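The block underneath contains the structure these notes are about, expressed in structure tokens.
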Amino acid sequence: MAPEERAFQQKIDADVKIEPKDWMPEGYRKTLIRQISQHAHSEIVGQLPEGNWITRAPTLERKAILLAKVQDEAGHGLYLYCAAETLGISRDQMTEQLLSGKAKYSSIFNYPTLTWADIGAIGWLVDGAAIMNQVPLQRCSYGPYARAMIRICKEESFHQRQGYDIMMKLCRGTPEQKEMAQDALDRWWRPALMMFGPPDDQSVHSAQSMAWKIKLNSNDELRQKFVDQTVPQAEYLGLKIPDPDLKWNEARGHYDFGELDWSEFYEVIKGNGPCNRERMEARRKAWEDGAWFREGLMAHARKKEARRMAAE
Amino acid sequence: MAPEERAFQQKIDADVKIEPKDWMPEGYRKTLIRQISQHAHSEIVGQLPEGNWITRAPTLERKAILLAKVQDEAGHGLYLYCAAETLGISRDQMTEQLLSGKAKYSSIFNYPTLTWADIGAIGWLVDGAAIMNQVPLQRCSYGPYARAMIRICKEESFHQRQGYDIMMKLCRGTPEQKEMAQDALDRWWRPALMMFGPPDDQSVHSAQSMAWKIKLNSNDELRQKFVDQTVPQAEYLGLKIPDPDLKWNEARGHYDFGELDWSEFYEVIKGNGPCNRERMEARRKAWEDGAWFREGLMAHARKKEARRMAAE
Amino acid sequence: MSDAALEEFALRMGDNCLILGQRVSAWCGYAPALEEDIAMANVALDLIGQAKLWLALAGALEGKGRDADALAFLRDARAFRNCLLVEQPNGDYGQTLMRQFLFDAWHVPMLEGLAASREERVAAIAAKTAKEAAYHRDRSADLVIRLGDGGEESRRRMQTALDLLWPFAGELLAADETEARLAGEGVIPDLADIAKKWTAFVEPALEEATLVPPKDAPVRKGGKQGLHTEALGYVLAEMQWLQRAYPGATW
Amino acid sequence: MSDAALEEFALRMGDNCLILGQRVSAWCGYAPALEEDIAMANVALDLIGQAKLWLALAGALEGKGRDADALAFLRDARAFRNCLLVEQPNGDYGQTLMRQFLFDAWHVPMLEGLAASREERVAAIAAKTAKEAAYHRDRSADLVIRLGDGGEESRRRMQTALDLLWPFAGELLAADETEARLAGEGVIPDLADIAKKWTAFVEPALEEATLVPPKDAPVRKGGKQGLHTEALGYVLAEMQWLQRAYPGATW
């Protein structure tokens, strides 16, 4: 290990944050760029499934809450792109990687929102799982990322409560509404558990990322934590978790739960999920349709600059 | 008058039909082209206000009836374009005149359909007025036009009954439905009366057209007939005609009715009606978006022809 | 024979016709030629007519007093059983034609097979509707061929349409448990057999159209089980609004 | 002061905000830049918030127990009182911005005038919302100027948007009987005065944007009296579907 690399690792071990101008190994930089931009892309694409219900929200209050939430997600995307930019990549480059399919985003957003209850389930389960993943990242070694996470986690926990509140209203509502809530849980439960990534024994990159403190817990550890937290919440709602193998294990002090079908996960990652094509098409269309707007603003800026120069 | 023109007029006076290959004065040809193509364009543009409710029709039966009606209108457009083509103008030329704004279509289609009752009102009043205009044209001097009219009138009277049936259902329905029916009558009554054209003393071209038997009744005469026919129908529905001056005139044996605001009529003709822009935009967009389709079919026909030639 | 399975099947047939009919009907007045306006209205009209027959049967089998209109206008998206293909947006006219072609190529052998159903009510509907379906199929195939083997732009558009819609065709061609059971009971034809007929019709037509199906495209499905794309909700909002806005009214 | 006139006016204010908010909210996730996604959500959010306040007032004045949600989700098109401008389709992003600009330029002086209303409830809503409206106005004007005086394509698009939307602005600026009466009673400002302020803001902005309003374009109006364009029905079908599909449910 070169001396600068040793010094770098010592800082990390001592919980000193790495800042943009500090020396860092190329692998650290690349891994972080991949991780942060993937996270940013997830916020951006994540606007779509929820945005799908903004125009159809059932009350003005719910419409406003959902609008604010989707707006927050765009905001998170913005912080995260900024954090990634400190590592030497531009937002346009990242956008291009997303649109070309080179960069990934969270697979969960490749599932459709079919009823209003899905908006509740996403807040409750998807934001819940996201927080579980993100809370430890507030202590991650890279300063800009850690700070972005602190801000994001605060808002996400708000979103989770709002999602749970939607579920609560449905579960205390008419039989049809309760059925809608159960149906949403049935569809989102497994994809939510998969948000923690493949089982530890199949997970790549993990050891190095842990040493670098840009990953702080194992996938299975976080998944277990999520299940333990969520099962009582479902019980409180009066909903049934769609897993026949789910039961409390007194000895472990945790819930046991059934095997997940990881082939589905890999199919979705490969691009064959229920909405991959629609999501990417929507983003590409937004980007292409907006080209004239971005170019128009740049043309104006150039004109203004030219006028300023001429006036000097 | 030249001998051929005299012979022409004698045929007309003797109720002998003029056929495409017969000699005819240029004015007769031009007037007919204008009148028939305007009628055809009206059928085409007329698809739009009613088409607006096909995807929102309240029952499968009503959806089917409305689809069939709009299909009939397209069919009428087709017969009429064919009739006009016998006078030496092509369908593409006529389409171009419509899209450039040079040719007119019936002003009535520049009013929006705002509720389902409008579909009833259009069938009852607009098709009713159209029939009133068209029935005499079955006897008009130009053969192809007269024959198209015979076919069209048969279908139109069917449409009128269906429209009246919609109104009947609404008037026998809930108070909200009845209110919807009255509202539609309130909005369509005056525009329907204007379908017969300006008052006789303001009407141009009439005398010559009457001599040529391509116009067989005066505007005011048909309008009066329409009012006399429609008032009892409205009474039967339990609806109130929105005209404080409307009353039975025992001496005349007709209904008296109030003055119409012809400035509105001329505004709509000028292009300033509630939907003129949308109607023309819709037609232009359909035409432009469909260019590749029409060109593709022609390209195929050329290829096929070339292959046939090569094989010979 | 299980009434529940048959009810489910009748819903699928009816919803396919209803949703495709609804999509197609949106072309009225907007098609690229007057003849196409007429043809599209005709397709929509026949499909809506068929939807009425199938949904009436489904309602009768359910036995809860729901008629075809109640099923069409008062169910939420998760209760719809149409395949994903028919709910896909109209796109350009090429996509509309390609969707129709892929559907019709299934619809015709399906109805022909159903005409021999042991279940009389099914056989009656199928016998009544097979001919009009064949007419539409011949028309959509003819247009796909002419536009594929047409000009450069029309070929490009038709190929794009095929790439887009091909993944949805598979759902029509593979039996789930319900369909396997009904096939076993002689109520519906074997879907494997329908798939063969579909391929035997589609392949040469595409070849003549100089169009190439995408390779290894994964099948997109779920509609038959009520797992739709996000497109369906919007179709229903528009279609059902009036019925729902005036509950209990007759029209 | 007539409660009916005030109720009517509150409906107009509320429906303008509601329908424009609904239109704008459809951009979420589809805007041409991330900053615009955020800004559009922000505009929509403020408008929906304002709609709640005005519609709640309208419902209270009506006195039949309808709250803001009942008014938003359970009225048919003919009962909506928004001006035609706000129901116009989003079009491209330039049309969305132009619609916003023409509306904001009216909304701000209107709210500023209403803040001085003799009717306390009106003054309170206006005072609470005028600042956010001014913020949105400055933003939409800034973008209209930059895109108008931008590149060739952006200028062309903004001019097209202006040509398209200009005829709808007049409806906002001319008082009908209801508004004339309320102005006479000191409840709302004189619309002739608002029109002057509108012009004083819009004209120099368009000039800076190098854009030219169409000449002699006839004013398109009717929305304030419930005579809408065909666009509104579709907006409502989508917006209201869920409420209507599950009558009486709480969410």
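Every chain is named by a letter (A, B, C and D) in the order it is written, and numbering of its residues begins at 1.
What we mean here is this: contacts are C-beta pairs under 8 Å (C-beta built on N, C-alpha and C of every residue); 3 or more make two chains touch, one makes a residue touch a chain.
These numbers come from a predicted model, not from an experiment.
Asker: Count how many hops through touching chains it takes, at the least, to reach chain B starting from chain A.
Answerer: 2
Asker: Does A-D or A-C have more contacting C-beta pairs?
Answerer: A-D
Asker: In whole angstrom, how far does the Cα centroid of chain B sit from the Cα centroid of chain C?
Answerer: Using C-alpha averages as centres, the distance is 35 Å.
Asker: In angstrom, rounded to a whole number, how far apart do the mean CA points of chain C and chain D lie?
Answerer: 41
Asker: Considering chain B alone, which of its residues make contact with at least two other chains?
Answerer: Within chain B, the residues that touch at least two other chains are 56.
Asker: Give the residues of chain D touching no fewer than two other chains, as numbers and ranges.
Answerer: 76, 237-238, 241
Asker: Touch graph across the chains, line, ring, star, complete or other?
Answerer: Graph shape here is other: it fits none of the named patterns.
Asker: By the touch definition up top, name every chain pair that qualifies.
Answerer: Those chain pairs satisfying the definition are A-C, A-D, B-C, B-D, C-D.
Asker: What residues on chain C touch chain D, complex-wise?
Answerer: Result: residues 76, 234, 236-238, 240-241, 244-245, 247 of chain C touch chain D.
Asker: Help me check something: in the complex, which residues belonging to chain B touch chain C?
Answerer: My answer: residues 44, 47-48, 51, 54-64, 67-68, 70-71, 74-75, 77-78, 81, 91, 116, 166, 169-170, 173-174, 176-177, 282, 285-287, 289-300, 303.
Asker: Any idea which chain D residues touch chain B in the complex?
Answerer: 76-78, 218, 220, 222, 227-230, 233, 237
Asker: Within their complex, state which residues of chain A touch chain C.
Answerer: Residues in contact with chain C: 49, 52, 56, 112-115, 183, 187, 267, 272, 274-275, 278.
Asker: For a test of understanding, state which residues of chain C touch chain B in their complex under the given definition.
Answerer: Residue positions touching the partner: 18, 22, 25-26, 28-38, 41-42, 44-45, 48-49, 51-52, 55, 68-69, 72-73, 92-94, 146-147, 149-151, 153-155, 157, 238-239, 241-243, 246, 248-251.
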